[in-house]
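In the two complexes below, chain A is the common chain; its partner is chain B in one and chain C in the other.
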Partner chain A sequence: MTTISPARATITPPPAPAAPRRRLTDILAPYAYIAPFFAIFAVFGLIPLLFTFYVALFDWNPIGDHVFIGWDNFTRLFGDVRFWNAVRNTISIWFLSNVPQLAFALLLAHLLNHVRLRFAVFFRMSMLVPYITSVAATAIVFSQIFDRDYGLLNWLIGLFGFEHIDFVQSVWGSHVLIAVMVTWRWTGYTTLLYLASLQAVPRGIYEAAAVDGAGTWRQFLHITIPSLRPVIVFTIVTSTIYGLQIFTEPLLVSRTTLNTCGAVRQCQTLTLFLYEQGFGQFEFGYASAIGVALFLMVVVFAGINFYLSTRIRPGRP
Partner chain B sequence: MTTTNRRSGDRVRWWTYALLALAVFACVFPLYWMFVVATTDTAAATELPPEIVPGGNFFHLAELVFTTVPFVQSIVNSLVVAATIGAGQAVLCALAGFAFAKLRFRGRNVLLLVVVLTMTVPTELAIVPRYMIISWLEWTDTLQALIVPGLANAFGIFWMRQHISSAISDEILQAARIDGATVWQIFWRVVFPLVRPAAFVLGLLGFVTAWNDFLWPFVVLKSPEMYTVQIAIKALQNSFAIDLGLAMSGSFLATLPLIVLFVFVGRRMVAGIMDGAFKG
Partner chain C sequence: MVAAVGSALAVLAMSGCSGSSGGTPSESAAGKSFEFWSFTGINQKADVAKYKEKRPDVEVKLTEVGGATETAQALTTALAGGKVPDLVLIQGDNLPKFVQQPQNFVDLRTLGADKMKSDYLDWVISQSVAKDGSIIGIPTDVGGMAVAYRTDLFKEAGLPTDRDEVSKLWPTWDAFIETGKKYTAATGKAFIDNAGTGIFYQAVNQVSQKYYDPAGNPVYDKNPEVKAAFDLGLKAVAAKITARQASFSDAWSAGIKKGDFAVIAAPSWMLGQLKDNAPDTKGKWDLAKIPGGAGNWGGSYLAIPKRAKNPKAAWEYISSTQSPQGQLQHFTEAGSLPTTPSVYKDPKLTSVKEPFFNDAPIGTIYTDSLLGLKPFLIGPDSAVMGQEFLNAITNVEQGKGDPAKAWDAALTAIRTAIGG
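== the complex of A and B ==
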């Protein structure tokens, strides 16, 4: 290029020295580049979310009438035992799957953080195998392992002389089964996030601790956990947001009764209840009311978790 | 990821390996088990003690999978959806990340904050109105209903922004500008080639997520020839509620492409996930 053209792009620092003739297309370019995201999020994320609040105020049948009924859906919802059952199940499954996941991921990240660890790449890659396995496939294989009559686990239990456990049909059993699937799937991923964060911790700290005679357990408690606090908060909040919306695992666990997750709705979560009302009963208004309730629950839970996990220990998060 | 930043000083004890080996076993065993049940005949899947080595029945069951549901078609559908979403995310997020990292425009900081905040918006619960929008667009039972909503995501934008900020110096952009390149040319000829590895990993993660997505395809897709593999597995499970071998074969066949992919790019995926993690 022989000619030096006037500044066309608005590249940040150093501050563009008086760009006299910026072309309109270049001024608009940044907006064009970020527009696809905002358009897609608006149409498929934000508008549906806002519309949920609106539809929840109607008796809304997809092929029939839309009758404005105000708060009736919510009054009905709060008096619905199926709703409270779903709330209990959702919270129970969320708790059972998140606590072990966090604990395992912390421990594994700590172990993987050894500088002299052999086969480190192999270990890290193995941790990610569950992540690439689909939830649908996971649900089927774990249902088999936990099966009452022919499951691998019950066979093992039987070898020790215990009665077979009917995981799928019982309340706590189905919750444990679903929690195991969630934990299996996400622990490795969380471990890698923690490990990445740990590698930013200067090795001198561990060395000094070792010289002072701190064993691996004390190093874990006093170095690993405190240095991971920001990423722990991040994973707790995100896993709360996703965990409360759990759907696929409970849907696939009970093989026969589709939308209820078992004969007595023992593992029906809120999203599954929402699906049953929306796409099983075609009560879009009522289903949207469940969506609103779930939204409030997610906000409150994520908020509480964020607050607690930043406050538990003094000092900078 | 320099070794100097990693922990040292103490020797690796035997029980570290023992615990890690146990974790590896726990991670890999269910997949192995899936293969075992997928290769034994149906009677053997309901036998005690259970078979723990693969049998020779895989091809029979696989054939049954292909004749029970249009499985080839569902694999093609899944490939189309996942590949388009992966490629779309890689390009669109790089583009937006470039704008946020290197271009100056009114409202940039506020808009970036909005992008980050959208990550915390729970969208799954708005599935009923989202379905209504899809039917209004007359997109029910089509693949674009799965593709378009997945094309751009906030995490990807944030991630590409970080990479572009750190990987590309302002001098090189300045030089390109002086040479008379337009913003688009700067992105396409200078920026994107330099961050292609990061975009590739982002695309991979998008591919895996899209391949394994269940709820949204389950709501949107109606006819068997539009099924993705996940919905095909569900259909297998429905039509043969008791035939575990068949459902397992389907599950295994649906996971196989990802295992193959993982063998080739698993290292980069691990590095990518760790690279995108929070570092204070």
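== the complex of A and C ==
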């Protein structure tokens, strides 16, 4: 008995008023730490988003009248050939840039992770160079390479006696040109994400596979891809979100027809169309409706991608 | 109605007085500094520097926002709720959208613009007069038209090189295209940079009525003059005399440097662009008359936003630099054509020769093109309509579009764009 009571005494004494205070701060502390993000998100993300939904219901002239017109902007949008053209272009460019980008990044990450690679750090660091190059500089260089009359690529093609290709003016050509720029810019970045994840895979697995006679290709299929599953899902979802909002590259590719990206809008993406309506025509209501449509598209696409890419399972590359 | 006009005049008279007494000590603090948004390529720096020589006590904060369209976009955003400049330069094509919402700008009549109004070309100043009669902008320059051509390349092709003889080669656009065919046949090279801006934009700026009738109704689809200009563009494409280079693109600049085309439509503001783009071609160029003789492409206006903090300082700048003498001086230094016809016969203007263009008398060439002009109304969607027509021609030029369907394609595109 006597031994218990002092023990109890040591448990019960905590000063009564201090306990709830400490607990309250304990409860509040994490919220305080994350609050800046959510406050900034609310100011720069959520409120503009909700405001966009609101503006989409108006015929909204930024320097004139704001007339409530309900769903008219959306009705008009669905009947607008320019909108569907922009949707097609956006998806086409997204597909052309993302598939090679993720495939190259996987291969590169696998090779860079190779045990016997010399100067590995140099190669790994150089992966980031395209990413830190400004998009404008990239666009200027690639536009010059792909130019119809004075481009390097067409000069090479010409040496073999072929006719010059007009990349910017054709639908597929302009899409390929933009996709090449996006792929060039993002492949290294994605590679490093994969590489970082691969570093966590125990070397022993690769060594055991090598001992069992698996070549680098089999190792790639059966070790690299399955172990990268979570990060592949992550990159697919993020690159989908980025890809559907692509703006700068198409804007810069066709600098003379600024907002339409070509005579027949052959590379006008959704964001470019939004920009044309909002800041070219000052139709903020209509532009907001495009923004809402784009938002929904990104949500749906990211969802589909997430669902499909979580199907990648070990042994089923 | 009469009463309304009368009271407006009374207000004007009063505010006109207060405007001229802006130098009183109590007001001078606000009048010593103002913020000015301009666009690149028009050399407002030179104007501002000149103004500072005259008024060293005034501080001008000049910002070159970007191209003309970017500046108009920035202005829109500013007017919608941001910080506005005290003075802003607006390009003619972007002006109608602002004229439609005059409540965003200081009615310059209240500062004395009525007294200056008659100094300017009637049809130019009338573009900045809103429906309620307020004047929101003072025109700084207009884009008189001419054709720049390469004398060395003309010589190689066996064409005359003297500017009067060259002008005689193309009294009409049809004759111009015929000359182009001769040039291309002789040299195997393109004659003009492109059919859209090179021919269609020029011809469509020479009409008596463009995309709107004088009452402000859109007539872009019914106006035979527009159709004729469009067909001229297509005709030039069919004649295969164009280099298919979009104006102001990188490849276009490269083409100018390399002499890949021999002529280029050159409104007065283009001269600076040519000089900057291809300094090595100095002296190889000359200027001939535009086919059809007269026309205007471009021009800009100075306006003061309603919420400006220092409207008086801004107005003093406008009235000083945009007086006929001020515009004349700007022309001799920077080449922008005055909007004030009283100086068109001034020896200071007629004697200006441009060495880059083989000493062509630019003062007379460009003013001649303006004096014969038939003014037309520029409406809120004029810029969009022009762009869609241009796109349709370019699409044919690039070998993608069917020339027989181009006109209908352009009309469909315009209807979609203007939502009508």
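Please note the rule applied: the second predicted complex is superposed on the first by the 275 of 317 C-alpha atoms of A that agree within 3 Å, B and C clash if a C-alpha of one lies under 4 Å from a C-alpha of the other, contacts with A are read in each partner's own complex, and residues count from 1 in each chain.
Convention: a contact is a pair of C-beta atoms (placed from the backbone, for glycine too) under 8 Å apart; a residue touches a chain by one contact, two chains touch by 3 or more.
All of these numbers come straight from a predicted model, not from anything done at the bench.
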Task: Partner chain in contact with A:D149 - chain B first, chain C second, else both or neither - done: both
- [ ] May I ask you to decide whether A:G45 touches chain B, chain C, both, or neither, giving the answer as first, second, both or neither?
- [x] first
Open item on the list: So in the superposed three-chain picture, is A:F279 touching just chain B, just chain C, both, or none of them (first/second/both/neither)?
Closed with: both
TODO: Return the chain, chain B or chain C, that is in touch with more residues of chain A.
DONE: B
TODO: Pick one for A:P230: touches chain B only (first), chain C only (second), both, or neither.
DONE: first
Open item on the list: After the superposition on A, what does A:V81 contact: first (chain B), second (chain C), both or neither?
Closed with: second
Task: Intersection of the chain A residues that touch chain B with those that touch chain C - done: 62, 140, 144, 149-150, 255-256, 279
Open item on the list: Please output the residues of chain C touching chain A within their complex, sorted ascending.
Closed with: 69, 73, 76-77, 79-80, 97-98, 100-101, 104, 243-252, 254-255, 260, 384, 387, 390-392, 394-395, 398-401, 416-417, 419
Open item on the list: Quick check on the complex: what are the chain B residues that touch chain A?
Closed with: 1, 3-13, 16, 19-20, 23-24, 26-28, 30-31, 33-34, 37, 45-50, 92-93, 95-96, 98-100, 102-105, 108, 111, 114-115, 118-133, 135, 148-149, 151-154, 157, 170, 173-174, 177-184, 186-187, 208, 211-212, 214-215, 218-219, 229-230, 233-234, 237, 241, 244, 247-248, 251-252, 254-255, 258-259, 261-262, 266-267, 269-270, 273-275, 277-280
- [ ] Mind listing the chain A positions that touch chain B in their complex?
- [x] 1, 3-5, 7-14, 16, 25-27, 29-31, 33-34, 36-38, 40-41, 43-49, 51-52, 55, 62, 104, 107-108, 111-118, 121-138, 140-142, 144-145, 149-150, 152, 155, 158, 184, 188-189, 192-193, 195-203, 206-207, 210-211, 216, 219, 230-231, 234, 237-238, 241, 244-245, 247-248, 251-252, 255-256, 270-271, 274-275, 278-279, 284, 287-288, 290-291, 294-295, 298, 302
Task: Of all residues in chain A, those that touch chain C in their complex - done: 61-64, 76, 80-82, 140, 143-144, 147-150, 166, 169-170, 255-258, 260, 263-264, 279-282
